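Listed next: structures, encoded as structure tokens.
Shared chain: chain A. Partners: chain B in the first complex, chain C in the second.
Our next item is the complex of A and B:
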């Protein structure tokens, strides 16, 4: 352990005058060292206890390192692992044709394309640009080989893993199984006729009960009547003010057309039908005098006037009328005045400004007029918000009024009792239509959605369909065929098959049938109105491009 | 008192995600280890962060499952690693005190640990290990090609990696498990099928690798440590499964010649089930002579590999009747694929020129039943051997050529393997620009675009199935005239019909193209979608398509929002794919145009 060098005597003994030291050698130089013996004892003890082991030969160490068959011969010997489930890392993507050293020429981007990559966002930029080497000997070393391996390592131990179901479904399987469209024929498919003549957007159309004539009202202030099959304009009135709505009296014994323009509703004699009809119509459309009504309330807001020029009755309202709907018997007529202008009364008092809505506009938004008695009635319904449209129930004494979000159903016989409240969850209802059976309602909205309500089912929509890109302007049911249609500002009208079963357990079947195109957009408006022919599966559409179209099967 | 967001009254235990998941720093604290040690433990134990449904501590943390952490906590390795840390401190202390003897003594008794239990824990079945072998093989092959770097990568490890990778390749080659090979810019991809599992790995090109500074080698070495152990055990299992003892006892004489791989191969051969007779005796002695020449560092391992692989293929040696019998008995357990692969290069003799990347070909050719030699020391047969059928050349040919053999580029071998037929060598002759090398991993039909050459190969394959091999030299040009092919008896009638139809279509396309050119000349505006050729052929199709579009749009209307979202996502993916293919088609069209303009 202590190696002692042989002593070299450097001192020159010869010339020295005095001896260096004459002291005798001390005792400690003759007895063995105590500290050393302690150390030796310590090592001895350690060896005895086995703390210090003799050095093993190297081969033995490697022997220990050797591998042995770890897995038994039958590999399914291992028991169940009680640990958490192991999520295997996803395997790296296998290379495609473009990664080849010699890809087909079409995989190599041109110089222009490579330059255009610089304009892309860094994440979108292709990470690998294919290159071609004509021989294997010219392939260079891949400069990212180690780096990619390192990144894979990082992914393996740093990335959180989660089991995700890969979305590997056939897109066709997502689509519902709908009956074949051909089995649901007839329905309007293609444009058959165009009715031209209006000078501006056609806002509204109405079909006569027999289906022989249609009436159309336009923003240019005219109302025209057309022969359905001939396409000829048979009559036209110049009203002078933009026409909002036209509606033909459903009673075949009168030929009366209701037209709303501005604050007025005009009841016009269309001059159709035989003499008997003409006679009864003329009788109906005569007001002797501006009648002083007994109820002061109605008299103040609506007045019945004789219009000699147009040979009809003029109902003057206090506000703009947007829609006019006839009762099925043709005697009653409802008008809606949506107060889209908020009536704000501003009081200035000590610098405080109060805004509040006119209390009464909810009450006075809807009138029901009785034609035979020339009598107007105000319905005092409490609506929260301005009314948008109203419809009569086709068979019962119900009356539907929609505000922007909610549709209320009232019973007219029971003095306006609220029967039902339908919550559409839409933002802006634009139109409603009632199925001829009266148990189903469709609602079109400003966000292009259509709601189908089953009245017996719930107050929530049975189905909501997102159809159009832009506002739905109108919806309509066919009177006899199981068809309904929507029309929208995106210049399309959709035709659906809407079958209602008498069995209450069976849900109505809604099948989209056809997208009708053809109208062009004017001032951002598309198709303004759509109505079905009462007998045939034909659809009339009124466009903002001042054309009325007839789509036939 | 303001209630916390996750307020819990005192005494109430944590529940749910808050109790089940902890962040990484919490885990490190709980285990009382340093972060690098925690990383190492995670890598070795295969513990990974998980994604809790609700991230209680925030979005920017990584979360570990509490069970995973306690899994590490109960690992004996943790204690062992702590010991190693203490030991390293002892050594450091001894060094600092200049107590050299103690330091030396300590260095001799370095504590070690083994990973076998961990491997068994992570992969209870052998199949599990095979499933996870891709990364392992890629990494081991990469390190086998890396240079040793002082204080970072030891020479010993690199040698070990090389040994392990050769052992793996030897097994794959011998049992003919290799299925696909793809030479990419990144390296060479191999795909083998072992016990029904597809194992894919990447080997880098045999050139100096670029080592950048932004790589943390510690992490890679931790992975490598585990992978080395895993691959050793896997190799052992595989070798045992074909009745070869795994820790190979090497011939000391060969070992002294630094020819341990060759020694390994001899051992491999001597122990294999088919080693009743030794048909390699002449070739063995031949290479034995060579070995004496290759003393020193200049020993090329690829040559050794060749020798090794040579010995693994007794069944392909002509005249080894005994082995054939043996193999027939053994073939029952082999599947059709293996049998097909085994026969691909049967009765073919390859000779590799000096400039060819040997290691890959020496692995690949015997795996598909061929015999191979090379220019240089240790070659089993010389270049002037008459029986050589193919000579692999990777440069323009200048010297004299022998008529009896074909001089082809190495790509031909790989393409043959992927196509599983012997392709005509016409396009691959030395000095020519070879046809494109296509990836075998792509499903062309699913992708929606089939490259021309894939189509050609498919036809050759179809022709091959009817038991008539196409004559070498039947190239693409011949396909264009089906009559010609029919005359040669290469394809059957149906094929001819198909080809005629194809030609018709091509002619229609050509005509349309000319029409369009004419139109362009006359100043008629170009039709918008030229690439959509099929639609132009018949106007009826476009109508059909429109109707179909309308139909699908209508069907979409009645969907719920959730389903519609899914559908839109799917359609987006499909569209992206289609756009990509359209770009490729457009490029192809332009290429064809430019070619035509050059010709015309």
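Our next item is the complex of A and C:
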């Protein structure tokens, strides 16, 4: 045992009366420092020159931070912070009476109910089945404790709560705003007239410029002329070969109908119009003598023959002609002979010869005929692939030729200079139509798609619409109303509002208006051709069921 | 109860009319004395009646009518009894060789038809053809009797798709077994496209014609001496082979304003010409000055037009839709039709007011039906479904017979539809 020494506090707690040194305060301590004033001057100059910008006082933010809702909802204030923030857990349901260890008897499910839970799907079963215990002691341990702990850990690890950014946008507002259909009247709606008489599919129709008559050509080898308002067949020719295309001369001074059948293009006198028209037509449709062969290449490929039986001119081509288009003045017409796929398939031998020939004297697929001089001109454009259709520009000297994928625009005055090349990205072009202004083109394709080209905009389509289930056979613009139509093998014709504005900044407005039904499918073909009435908002459709229908507004 | 003037001496029993069968409810009261009358004599004929309440025909049970019109059942109703307009007899159709395109029954002695074989025909009665008007090279599109009330010699005009109109004279009284073929005494040339419609002035001195060349031409009908001089020498050469009796006429004046085919013209008064066109408008022209004083825009291409009804001022027109519309041009500043009848299912090709009645008009349509309309109800009074193909023309004859021609080359007559 030892005695504890008393604690001696050696430290002097109160200040000493005298400092350790008695030396006076040095002068230095009262004189401003030179080096510091240099530094200050430097900073001052820098501030004046604007090299240093003083920090703005952050009074507002400090104030905001100083007061914050302690008891407020966490979820709202957390949104402002850009750092990782606390996401509150969803509030669990508060326990009720049934979760008590000794609930009232009405909460306890009967045995039948428990059995019925077993029949339910696992997701639908109630998570908690109330049980009754007489005392707290008899409550067993929670059987899912370990499992739930594990699942919670898995949740935290694998799928932590994430704040989902949900856009609060009305889906209706995302739809393009189209004008009401009723404001875009008139447009063809219902079929009132049918033109019956053909014995086979009607392949092509054409409306006379005044809108009094239409002509139709059919696979049964006849061409018929109908009165529009009565549906009466006024005239018919038996040509004997399936008619591919009919086209009425746009000039009201001539009553001439161009018909393509097989290798021939027939120019027929329709017999409409007054005496003067008849006289000029007859003069035009007489060939003085069969053209001698000495005129060179042109005569060898196309010959102008007088057809006394049909009272017209027969233009004999070397291959089958698919389409005939008139120039707006009615003096020129263009014919298209697509490359002979027949040759390719049947006579492979000839095929080679044919292409050999083609390489030597150019691709002769398109001819332009001048009616008044009975002269045929070959257009030797370099098309990569067979030509499908050709159209004249409605106002200028342009000429559109479409191959299966590309449409080329040539200027006929400048010796066939390529003006534009339109790439459709379609698999197979079947038909094209030019807007009466000449700046817009619609293209129908074999896979049921329609392309709208704005010539001023680009060489890519302004709009591509997937419309029909089957091939589009023809497309057509109205001459005066802002309407266009497509017809397809799925037995429907679609009518659109296609408004073109003179303001170059405004894009064309395309509104689907109506689906016209009524034709029935024959041999897998539906509606073969559609043409608008030149003055009324009416649409003529030619069906493979040998009927021509008129849809009126 | 206010019975009409005719029903004061009615000796008949009421029954449900056989035609569009307005189901008359048993709670419709009628005087007990009438029922007693009907039982007295079995020889009295059955007469169908129609009932008017507030100027509207009752086409349903009285209860439904009151509910539909919102009339209180407490008020005293004035029911007017009128004889129902029901066709009694369908006569034998008059057969033609081709489509019947036009019919005119304005003369009580005969009626005139135009046909697609280029001939006009004059009929005394159903199936009795007295004259054949021969000369047009293309279908006749319209016919008009110029002086229906005139003496034995009658003048008629026909318009054709061969761009001419022809005037014909024949004696309406002569009867013979075989139809007499006659040729025109005057050929009117001047239209540049097919003529669609012809109408005569009430005095019979002039006719007007509408054509596909968008013009309406006015022609003189009688003064052959002066007309012969005006024919130019060039014209004469071209038609030198024509008979001497045939003279040629030229248009007196031309009304220009329509932009498309003038499909129908009417000349109801001395000064006024009405025309309907495919350019969606109806115009009223002053025949003297050649200016249009009225322009009703209706939105559809029009095929037919007629003037009649209340004080002969209402304009009925039908066109490229199944709706027959009636305008009242006396109402200023409106182009909305006052009545619309829409029971047809295809284009309306002809419409014709009854001459005497204010309320009745008939219409023909491409659906082959001819309907009689009463302005006082929206349903047709009766439907004549005699044509197997399109009905192209219709007219009244002798005030109680409906004539209609169609694309089945028949002219159907339904008589006994007494309107008054």
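The rule is simple: the second predicted complex is superposed on the first by the 354 of 553 C-alpha atoms of A that agree within 3 Å, B and C clash if a C-alpha of one lies under 4 Å from a C-alpha of the other, contacts with A are read in each partner's own complex, and residues count from 1 in each chain.
In the analysis below, a residue touches a chain if its C-beta (ideal position, glycine included) is under 8 Å from a C-beta of that chain, and two chains touch if they have at least 3 such contacts.
Please read these numbers as outputs of a predicted model, since none were measured by experiment.
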**Request:** Between chain B and chain C, point out the one touching more chain A residues.
**Result:** B
**Message:** One more residue to check, A:193. First (chain B), second (chain C), both or neither?
**Reply:** second
**Message:** I'd like to know which partner A:96 touches here: chain B for first, chain C for second, both or neither.
**Reply:** first
**Prompt:** In the superposed arrangement, does A:553 touch chain B (first), chain C (second), both or neither?
**Reply:** second
**Message:** Touch test for A:210: chain B only (first), chain C only (second), both, or neither?
**Reply:** second
**Request:** For A:107, decide between first (touching chain B), second (touching chain C), both and neither.
**Result:** first
**Request:** Check whether A:535 is in contact with chain B, with chain C, with both or with neither, and answer first, second, both or neither.
**Result:** second
**Asked** For the complex, which residues does chain B have touching chain A?
**Response** 39, 42-43, 46, 48-51, 62-63, 65, 67-68, 71, 101, 108-109, 114, 116, 119-120, 122-127, 129, 131-132, 134-135, 138-139, 142, 146, 182-187, 189, 200, 204-205, 207-212, 214-216, 219-220, 223, 229, 232-233, 235-237, 240, 246-247, 355-357, 394-395, 409-411, 433-434, 436-439, 441-442, 447, 451-453, 550-559, 561, 563-564, 566-567, 569-571, 574, 584-585, 587-588, 591
**Message:** Using the touch definition from the top, list the residues of chain A that touch chain B in their complex.
**Reply:** 1, 53, 55, 65-71, 75-76, 78-79, 81, 83-84, 86-89, 91-92, 94-97, 99-110, 128, 130-131, 133-137, 139-150, 152-154, 156-162, 167, 169, 171, 174-176, 178, 181, 463, 465-467, 494, 510-515
**Prompt:** Which of the residues in chain A come into contact with chain C in the complex?
**Reply:** 186, 192-193, 210-212, 229-232, 273-275, 535-536, 538, 552-553
**Request:** Spell out the residues on chain C that touch chain A in their complex, using ranges where they run on.
**Result:** 99, 116, 163, 192-194, 212, 238, 260-261, 263, 278-279, 299-301, 303, 320-322, 346-347, 366, 390, 392, 407
